[in-house]
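By written order: A, B, C and D. Residues from 1 in each chain.
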Amino acid sequence: MEIEAREISGPLENRFIKTRKQSLLLCESLEVEDFVVQPLPEVSPPKWHLAHTTWFLEELLLNKFQPPYKFHNESYRKLFNSYYKTLGEHWPQSNRGQLSRPTVLEIYKYRQTVEDEIINLAVLNRWNNEFHDMFELAVNHEEQHQELLLMDIKVILGSNPQLPAYKQKLRPTVQSGKPEWKFFEEGVYQIGTSEKNSFHFDNESPRHKVYLQSFHICNKLITNGEYLNFINDGGYRNALLWKSIGHDWIRSNNIKKPYYWNKDLSAPAEYTLYGENDLDLNAPVSHISYFEADAFARWMGMRLPTEQEFEVASESMPLVQREFIFHPSDCGAFNSQLWVWTQSQYSPYPGYRAYAGELNEYNGKFMCNQFVLKGGCIATPKRHYKRTYRNFFEPQQRWMFSGICLAKDDL
Amino acid sequence: MEIEAREISGPLENRFIKTRKQSLLLCESLEVEDFVVQPLPEVSPPKWHLAHTTWFLEELLLNKFQPPYKFHNESYRKLFNSYYKTLGEHWPQSNRGQLSRPTVLEIYKYRQTVEDEIINLAVLNRWNNEFHDMFELAVNHEEQHQELLLMDIKVILGSNPQLPAYKQKLRPTVQSGKPEWKFFEEGVYQIGTSEKNSFHFDNESPRHKVYLQSFHICNKLITNGEYLNFINDGGYRNALLWKSIGHDWIRSNNIKKPYYWNKDLSAPAEYTLYGENDLDLNAPVSHISYFEADAFARWMGMRLPTEQEFEVASESMPLVQREFIFHPSDCGAFNSQLWVWTQSQYSPYPGYRAYAGELNEYNGKFMCNQFVLKGGCIATPKRHYKRTYRNFFEPQQRWMFSGICLAKDDL
Amino acid sequence: MEIEAREISGPLENRFIKTRKQSLLLCESLEVEDFVVQPLPEVSPPKWHLAHTTWFLEELLLNKFQPPYKFHNESYRKLFNSYYKTLGEHWPQSNRGQLSRPTVLEIYKYRQTVEDEIINLAVLNRWNNEFHDMFELAVNHEEQHQELLLMDIKVILGSNPQLPAYKQKLRPTVQSGKPEWKFFEEGVYQIGTSEKNSFHFDNESPRHKVYLQSFHICNKLITNGEYLNFINDGGYRNALLWKSIGHDWIRSNNIKKPYYWNKDLSAPAEYTLYGENDLDLNAPVSHISYFEADAFARWMGMRLPTEQEFEVASESMPLVQREFIFHPSDCGAFNSQLWVWTQSQYSPYPGYRAYAGELNEYNGKFMCNQFVLKGGCIATPKRHYKRTYRNFFEPQQRWMFSGICLAKDDL
Amino acid sequence: MEIEAREISGPLENRFIKTRKQSLLLCESLEVEDFVVQPLPEVSPPKWHLAHTTWFLEELLLNKFQPPYKFHNESYRKLFNSYYKTLGEHWPQSNRGQLSRPTVLEIYKYRQTVEDEIINLAVLNRWNNEFHDMFELAVNHEEQHQELLLMDIKVILGSNPQLPAYKQKLRPTVQSGKPEWKFFEEGVYQIGTSEKNSFHFDNESPRHKVYLQSFHICNKLITNGEYLNFINDGGYRNALLWKSIGHDWIRSNNIKKPYYWNKDLSAPAEYTLYGENDLDLNAPVSHISYFEADAFARWMGMRLPTEQEFEVASESMPLVQREFIFHPSDCGAFNSQLWVWTQSQYSPYPGYRAYAGELNEYNGKFMCNQFVLKGGCIATPKRHYKRTYRNFFEPQQRWMFSGICLAKDDL
């Protein structure tokens, strides 16, 4: 892949600085104690995110482009390595909440020290393409962790019986306009990204042709009210609606409702980042597993879209984030307050090449027993709202901001 | 779907009778005790297979086409229901080996009684298309269980430290001819089955177009010798070769070699249905998990084929079962002594419709966290060797006769 | 310990032969399939008992007193070793039901061959005290396994939804006479056995003094009717009646009634070795865990006896087996149809010495987290009905023939 | 039990105030983050201890003696209830580390508010015996939690790979004088407490007679050096030294050394509350499970004392805490830097009566599958050093300050 030499524009440095500040801003309203706990094995303590994104800078920029590099603290190399086997041992993911040290303050200092070094390094490498690419990836990596931070903070506060609020604004709201079904003819379409000089993750490429059968897809998310109908109609009790292992999962975990709903369905309420609120029946249903989304679609006599269908459809129905005021012109756009589950299991694109070197483990090794989600959500940094972006989670996971978008065959 | 009225030809009745006899023939050399045990949760005792395929006849033919039907034994309805929630409760799969009763003799009598009733019923329904379709499915269902019987018998005998032999002939042998790589141009291909009057399972249809990128695929299976090289090169120790959950699986289960190999790799031997034999380095490596097949392919710098690639390729390289003598003309054919793992996670085809009624649960509910295998194996009944057949297992499972076929991109 | 030389009297050889026959007699009404399965990890398949008691003869008599000894089958040394680490590896206890081979027939032949050798060996060692002691232990060991055989057969048949019957007679019956409370003054008592020339297990000795506070003890077992009152009074729902880990156990296993009772308490029935029968409210409640016995006693405002109290009391209230017709003179005797739980955790007696040599592991290593049961039950061979016998099980176990005997302080 | 009316002397109020201060003092050197985490299910976060001991005051003093009482925060009733079923639901013990809120600061305020109310209440109840008894128990309860605080802080800091230090002084040190074996004649002894007006827990009474066989007991604890000899002699590999479930435990958890020792036995070091230090071979070995203590004793050809033996012996060899300088006159005293395991499973004393009312669950329900420890340790508040005190833990637990004291029979 030939790439022209590019100046590391001020813009990338600026974006780096803004991104780093944004991560701290997200934690501004937390108590020290909130930074430490891990209520679920897949949740990470906020201080871990702040440290891990800094560890990434040390391992992949400072250690590589400024050798011999003396690490800030040798023990951090293990503690804040997420899962990169080529970068040595890592502390078990499910035990991140067992660590009281380093303290939040020490991690803030760690961030500051490493940031200063990075700024210096960036100046020296202004014309180094390899550095530029890794630097850009590091910024994108931290943005990915900002969404995880919000997901994890929601679990930390929302699994506490006191149900403390985080801060305002972050909640899916009623969708403007009526649902519209859009029809797509069968034929050959293009999927994935190929733009040489624009950033993308390895799993989004290469751009390639696919043949799609004709299909219909809806531009609005399923609402809480619609989902409540599914529950009241016995959706969780009807085995025929469920994948076999999904049915085992709801049985053995006694699942009867979305993750953040309260127990009393006669007075339904939902924990949001505002705190607990009455359930807004017209707002999109969120924190839904693949198993639930798939069962709901079957109950409706429809199905989930494939990732290819959603990507094709989002060319003519662009992704719209909730924070924009909805204009009449948004009517034909996808409501993108929540990631939507696709029926596509996460697999490599034809011709997929994983990153070389240390980042080889970034995406490819997770391409097994996960499903692709498309679109974006209220917690997604703006630049990550891309048609070609591939998010992925296990079919029973629910702590991300996930919702339901329906498709159907052309009969 | 309009289907012409067909006479239940003598051939189908004959095939039924032969199939039923064949199931007993497969058990002929077993001791009574071998019919009862269940060394792994996914293995079923042979007597359970013999009873379950009979239960299928009672529930889906006798009870449906000859009401009011008095079941042979009410308790069998629960004991030998595999997983059909619409047909009532079922005994837990992992507890099948806890049942000493009914005895093997009682199950043989059960088979005979039900078979006689089916023969009578078939005569009466000679012109009933609905009956014909279900009858044909029931025969195919029993054939599927014949392969499971051989898989399960192999575990039952092979996990016993005495390593008793089953009987001769069933073992992959050296492949004739040299491996050939065949190239396929990119373009639109057709996948799946559509033949209206020929039997197929619901998951094989509808026939539909796919766009494939150009690819190369090899017509020979990977050998024990090649796999031994992978082991000796540290394949099981190199985390970068493995899917993340595959690596967790080999670590926590201390996996270091294929399922039936002995421990001592300096004098490698393999349990076969013949008993334990020296490892034939030139024979295909078998009883391989998806995780191992995928890691091996990565070690080779190649990849597994997709299910679409394999199906397309098998048009010009037909599937050849081992029991045929290999002629020079077989050279361009797929060696089909073992099912081959594809990189395709098991999903519904576009426009997929699950069987209606009681059989709705036959296939669709398993389309999650499984991978497709194509081809066939030495234990597969001949009629099931079809380009469009979709077999599926979990990525860590190894008790089926599975092997490795490689593909690569056109660079 | 000095012991006089004794002739291995014909009586011991005769007892050996009778005991061996009795083990087979217990299995006479079983189907081959019943010999093989293992519905619970702590249950052993009947064929395993038959083989293990033979393995014991090979390892501890033939191999020791007739060297160099060629074992019947080398693989049996591992397969039928229960847990003796000094005698090499052993097959995991919870996997005994995974073994179809050796067959039942092979094990019957194994028994016959080894028995013949033992008879010959016994003749040669008629004046060998060491042999005599081991021989006597081996006979007692097989008798212990006869009770286990009955316990295990009951689980095998009773956990099968067909609830097949075993054979008649083995069921606790209504106790003759009224319950009598007997009072014992505080003071120094003697516990354990010391008779030099009479057989006992290592855990029963040495005889030693204990100081007991005054107490009352009842000579009749708690009945099904009394236990049903406990249930109907909410006994399983009242946390205050239960040991902490006992309460966790009933909660996580959803325990609400004795092991073999049916679900419908409005028409209570009980699986017995006769098959399922209506619950006899006047017969003793059986298959009770320590946790349940202890909770019941607390509900009554009483307590379980200590093992010392029971042993002291059984001097003036002898143990009476159910098979004897109860005469008026039995009124002051202990009803011994069921083992009774004591509140004593299983510990070594002061001055306890475990067997030397290979049998060191026979008893001592289990003296942790088990409770002592005293008396005997309808499945206990007659010679094992001894005041000093110490039976022991884990507090949640219920597959033995266990019941409830109450004691109370003198207030 | 008749008790004279007593004035709640200033001394008890003073002791309350001192005790409350002492709990905070113990936490003085902690970071906020250290108050929150729970590295093991049996460890509680320090902030939980601070809150729970305050909850105890609310539930058992304020709510009872000052009705109608408005609780500080309704949610605390569940969050800080440890296990008292009669006092409502409780948050699961193993999930205490999932709670970031209430914050440490909120808990400090909670403590202060409740303390003030208690002081007022105590003045009003100066002549109320019932109040006095409960108040005294509450103080003792908090003292018990002070030792738990130190145990838990050690795990929190010691399981962090940074191995931060807590503060000085708390470490077992070399024992003065040579080990002395003391002999006790067989006979009747008195055990337990009966002093009517002196505080004791319900499990320490009633005072009662026991008959002991003659025995020898040693007044010094086993040292690190002696324990290292056991390891080097293969102690962890010799199955014959271990209880059966203890051997399973070391195998499945790969236990090869005491809890806080480092991995490298060629340069042995130990985490202490000072931080990691070279192992002092002459200091007592600590953080030992019952299984290890029992195996060590067997390796020495000796045994652990019973709780009765230790209690009898401590009449003539008084308990001496490490913080006192050892005078020559201490030579005949028990070294009590560490709790010592006894071979006695934790059972009720004859005539035991659990507390009435809400505190019924304080001790009795744990009398199953635990072993008694006697003496005291460097973390034990001084008043709890009593001959009659009964500490108890599960046989595999190691996070308490436990050591080994040996006894032997008189042969």
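The definition used in the following text is that contacts are C-beta pairs under 8 Å (C-beta built on N, C-alpha and C of every residue); 3 or more make two chains touch, one makes a residue touch a chain.
Computed from a prediction, not measured in an experiment: that's the story for all the values here.
Q: Which chain lies the greatest distance away from chain B when centres are computed from Cα atoms alone?
A: D
Q: Roughly how far is chain A from chain D, centre to centre by C-alpha average, rounded to an integer in Å?
A: Chain centroid spacing, chain A to chain D, equals 47 Å.
Q: From the mean C-alpha coordinate of chain A to that of chain C, what's the distance rounded to whole Å?
A: 59
Q: Could you grab the centroid distance between chain C and chain D? Build each centroid from C-alpha atoms only and quote it in angstrom.
A: Chain centroid spacing, chain C to chain D, equals 37 Å.
Q: List, in ascending order, every residue of chain B touching at least 2 other chains.
A: In chain B, no residue touches two or more other chains.
Q: If each chain is a node and each touching pair an edge, is that a line, ring, star, complete or other?
A: ring
Q: Strictly by the criterion at the top, what is the full list of touching chain pairs?
A: Listed by label, chains in contact pair as A-B, A-D, B-C, C-D.
Q: Which bits of chain A are touching chain D when the two form their complex?
A: By the definition above, chain A touches chain D via 31-39, 47, 75, 78-79, 91, 95, 97-104, 156-157, 159-162, 164.
Q: Quick check: in the complex, which residue numbers of chain C touch chain D?
A: It is residues 83, 85-86, 186, 188, 208-213, 215, 239-240, 242-247, 306, 343-345, 347-348, 350-351, 360-361, 365-369, 395, 409 of chain C that touch chain D.
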